[in-house]
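Input: one structure, supplied below.
A, B, C and D label the chains in the order they appear, each numbered from 1.
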Amino acid sequence: MLLETVGLTKRFGGVTAVDRVDLGIAQGRALGLIGPNGAGKTTLVNLISGVVPADGGTIRLSGSDVTGRPAHRLAALGIARTFQGVRVFRGLTVEDNVLIGRHTRTRSDALARLIPRPRSAIDADRARALSLIDRVGLGRRRAEVLAGELPYGDQRRLEIARALASEPLLLILDEPAAGMNPTESAGLRALIGSLLVEGLTILLIEHDVRLVMDTCQRVAVLNFGRKIADDVPAGIQRDPVVREAYLGTEAVA
Amino acid sequence: MRRLVAVGIGGVLLLASCGGTAAPSANPATATVAAPKPDIKIGLATAKSGAANFYNPQQSNGALLAVEQINAAGGIAGAKLQLIVEDDGSVRDQGITAFKKFIEQDKVAAILGPTLSAVAAGAHPVAQAAGIPVIAISNTGLGIVGKCDYGPCDWIFRASLGEQSAVPETVKAATQKLGLKKVVIIYGDGKFELDDLTIFKDAFKANGVTVTKEIAYTAKDVDFAPFVTQAKGENPDAIVASSLAGPAGKILDEVAKQMPGKRVIGGNGLNSAALLSNANAGLMVVGTAWSKASTDKTNTDFVAAYKTRFGVDPDQFAAQSYTAMTVLADALKRSGSATDHAAVKKALEGVSSLATPLGAFSFTADHDVKQPTFVMTVKDGQFTPFQ
Amino acid sequence: MAEQLYNAVFIGSIYALFALGFALVFSVLDILNLAHPTVFMLGAFIALFVIGTLGLPWFVALPIAVLVTGLFGIALDRVAFAPLRRRGAPALSSMISSLAVTLIVVRLVELRYGGDFITFPAGSVPAFVFRVGDATFEGIRLAIVVLSVVLMLILTYVLRRTQLGRDLRALAENPRAARLLGVDVDRAIAATFFVSSALGGLAGVLLAFAYNTLDSRMGVPLELRAFTVMVVGGMGSLPGAVIGAYVLGLGEVASLVYLPTELRDAFAFGLLFLVLVLRPTGLLGQKSPDRV
Amino acid sequence: MDAVSDFLRTYSTTIAVIGVSALLALSVWLTLYAGQLTLGNAAFMGVGAYVSALLGRHLDTPFPVALLIGSVAAAALALPLGSIVFRLRGVYLAIATLAFGEIVRVVLLATPITGRGQGLNGIPPKTELWHIYLSVLVVAYVLWRVQGSTIGRAWAAIREDEIASASQGIAVGRHKLAAFVIGALIAGWAGGLSAHVTFSIDPSDFGFTKAVQVLVFAVVGGTPNVLGPILGAGLLTALPELLRPLKDYRDIFQGAILLLVIIYLPRGLVTFVDVRRTRRLSRIGALDVA
């Protein structure tokens, strides 16, 4: 298992947002995480990526315990993520956004830059950033555009490019298809597929159940902070508990 | 970018240089008509703006009146005096710049000012280094003349009554007339107040009075009741306010309320026209350099002339700058040359019992003012001698 | 000791009266209005103008000063804050624009009245004195003590129980949502500034009356104290601000009595610093300074 | 050439003060660039000023060494302070650093060796104009180069979004602290230089007013690049000198400029240098640095 959580728990005041959740994602696989609104999906992602500390349980990455590590450490260890409500650096260019994604893979050049040198060639980091911008379908022509100027769907793609820039072991995508039209969504599906082919491990949180079923080898279902199912897609579709949870809440909504 | 930085700095310097050459023609307050001999220029650095700006009109006007009178009476051996006034902004660097301008550009014979002691701490060393005589006209603190932190300060003279002269006189008079045994000092945390604190403590010691408690307030204190309550606990014979006028007013009110019958002894900070309208001003005992009520002819003439010229009564700051200019003119007449700074300095040292609104005026060996101290209180909204 | 306690309560009341308006604007609009000390000073000078130049009695000057400073508050918002709000500028910008207004107004007052402190014309300031046994109480001081608590109660009531209060709380919570819910946001903001500045003006007049002293920088010493009071009480809480004011007043007097004099001034800022570091939400704070 | 040297001799203090202001504005700019509003730099300036002046006076420390120690002392104070206060954000951070500044002032007032309220007088005027302007150039150059480096990008990212920055592997706390400490280092250096210009320092030189003034320089000048703070400090220090007739109205004038800039040129005067980008930023509502 590349990533493993055991009994992961988070409480906010009296509410247990994540309740003793065990998850496992094998190297090179995609795990889908679904569940109704407020089921604790984003909190779980925040725990795994170190944005909020856990109240209980352990997180293991490639077998070693990383519980309690802050977000920037986990990023350095190979966990990259996107955010449900897009968090690109709006006032910076597309290229700078992606370069910041490479922060952990770049040696600090602050001292080296004090000696001025001719800007002869595009350096390796910039080249890699541009190719990532191409890869997520933004097009390197837009490298100098400010991130805040991009349409919403493109900002999501930029977030993915930024996350990939760190050459992660695990990529967490938090509702990447939200706000995308069917064409963009199809492009996203293709991108995820090709990343899996290259051996990347993915945790995909998504409302678009079809996208999850099509791309993930396993699917876990959360409800009220608890994992109520964890199975191959076909098994999930048949699971009465899952149907109950979904239909129950869907009916209310 | 590097180019831009350079252009930016260059631009600022360029702007500054344009202003620098334009400013002198626009600014100086000249008080002369064309004269056969070249004018003798005198610089006055004063707080036209900034924290101490309220001293200014009187300080400038006093000097201006003296210059006008001297010129009307024929000037200095046929040469007219020309007063150049520069703003010291109540801050050190602008005071220094004003002094440097007087010395480098205007080539003045002597300088008066600046208004605040803290500004003088920066400006006076400039004149000292250049060897230009300076007369301080409102600095009362320690280290202005005599023994100065920046080394010798023999080019600096002082026409304002220093607290180390005024306070001992005040303390002596108060001790005798009020029969003081023990006092409490309430003091502020500024340079002026701390200087006063030191001087007061020495003066009381010399007069055999015990200072039972020293209570500090800060520039940020709003209410003075707690300080006076603390002082009251010592049951002193009088309260000493080592403070500026604003806090002093509040201390007077609190003493009147909490310790009826007790007096407030103060330094030059209490010597403020703004305190005259305070209902409890009658409690204060303060040593001043000047008394408007003095019936000395030089003084009554000065008061009348000032009132005619400017439409208001002069205050101590006007009297002191007027006096300094009178003293300087006297020295210039005797020096033989206004451009020979050493001669002017020597002549200043020779000023002896000159009649001025402050009384008979001389300098001590330390170049400090030697003049009578007026120990005053307030009656009917006027400073009157303390009996 | 009893006397010092009374002194402390009085000082606390001054801080409270000053901080209430400050805290109101912060709690509703998240603006740190650095022009509040200027409004305070302006109140005192308007009273001086009405009494000294127009020759009217103090009980006319007081309401006029309060009204004019209230209107000034609305103008202040239009000039310094509204343009920034439209642009969605961050908190720093409004701190700076309010500072700019302060520079301008203080200097204008100095051009008219000079930079030195001045007093009201003799006999024009109310001077009621009550005697209880040996102790004397001045009317103005008692009024300040009572008002600071009464105004806090009224303000809290208004915020909790009235339509305006509900509008303001909606505004504080989320301006966009408030607008969608039909709150007249512009009117609510104008009301906030009117009330805040009128309170500041009232504090200025009362304090000037109490000391019969006013000057163009009279609000400055209270400014940093108001920060302390708000932080200690809890940013955004009006009762918290009043409690914070009394804590500070008592602490200052206690440190005068018990601490070496040199360390006394460090008390306010030390307290401020400690509370910020140890309990940033203050005593009664609801807003977390660590909102993400 | 005579006119120039006359001019320099007369206005050397003003020109020196402009340079020192530029250094201070740069020191604040740095933390602003990383998205933090701190008001402690006047206090750091004071630490640099007092430490270097006292070393010169009591230990005859050579001037450059005294400057360096003063500057390092300011940074050494900033390190623990920053570690504590950077848990706070926005207005709270501003207030906490302001409180720290006041504590420093009170300590200076209470300590005999600093001359208490009387301050230190008779400090030898060792600072030459070229010391100051060389410092401005070096600091501006270094900050400009660092701005485009990995660290500079990290600061910009933190300013835009702290949480997203942490998730890119940026040690947010350490980077903020670095900006703060380097800022203190610059402010301390500026303080040491300024103490040896005006013969005398006292605690009131480093209080709230100064803190605000320095911030105003940085903001009026503009925050997008290092040119802004230099421009702001230069303009706002020089203008009152240039427009002497304006003097009585100086505050009104400065206030009006400040108001106009913050409302109409929120990225400061350097907006003029980079109008297109500013327009684009304003469209997406990401205009302001702090």
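Note that in this section a residue touches a chain if its C-beta (ideal position, glycine included) is under 8 Å from a C-beta of that chain, and two chains touch if they have at least 3 such contacts.
All of these numbers come straight from a predicted model, not from anything done at the bench.
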| item | value |
| --- | --- |
| Comparison of B-C and C-D (more C-beta pairs in contact) | C-D |
| Chain whose mean Cα position lies farthest from chain C | A |
| Whole-Å separation of chain centres (CA-atom averages), chain C against chain D | 30 |
| Chain A and chain B: spacing of chain centres that average the CA atoms, whole Å | 72 |
| Separation of mean Cα positions, chain C and chain B [Å, integer] | 36 |
| Rounded Å distance between chain B and chain D, as computed from the means of their C-alpha atoms | 34 |
| Contacts with two or more other chains, residues of chain A listed in rising order | none |
| Multi-partner residues of chain D (at least 2 other chains) | 106, 109, 163, 248, 250, 285, 287 |
| Multi-chain contact sites of chain C, meaning residues that touch two or more partners | 224, 262, 265 |
| Topology of the chain contact graph, where touching chains are joined (line, ring, star, complete, other) | other |
| Pairs of chains, among all present, that meet the touch criterion | A-D, B-C, B-D, C-D |
| Chain D partner contacts - residues on chain B that touch it in the complex | 1-2, 4-5, 8-9, 11-13, 15-21, 23, 26-27, 48-49, 87, 89, 92-94, 96-97, 100-101, 104-105, 118, 121-122, 125, 142-143, 148-151, 188-191, 193-195, 218-219 |
| Chain B partner contacts - residues on chain C that touch it in the complex | 3-4, 7-8, 10-11, 14, 110, 114-119, 121-122, 136, 207, 211-213, 215, 220-222, 224-225, 252-253, 256-257, 261-262, 264-265 |
| Residue ranges of chain D touching chain B (in the complex, touch as defined) | 3-4, 6-7, 9-18, 106, 109, 116-125, 133, 136-137, 140-141, 144, 197-200, 202, 204-205, 225-227, 230-231, 234-235, 238, 240-245, 247-248, 250, 273 |
| Contact footprint of chain D on chain C as seen in their complex | 30, 32, 79-80, 83-84, 87-93, 95-97, 99-104, 106-108, 111, 224, 227-228, 231, 235, 262-263, 265-266, 268-270, 272-273, 276-277, 280, 289-290, 292 |
| Parts of chain B lying in touch with chain C, wherever the complex brings them together | 51-54, 189, 214-216, 218-223, 225-227, 229-230, 245-246, 249-250, 253, 257-258, 272, 274, 277-279, 381 |
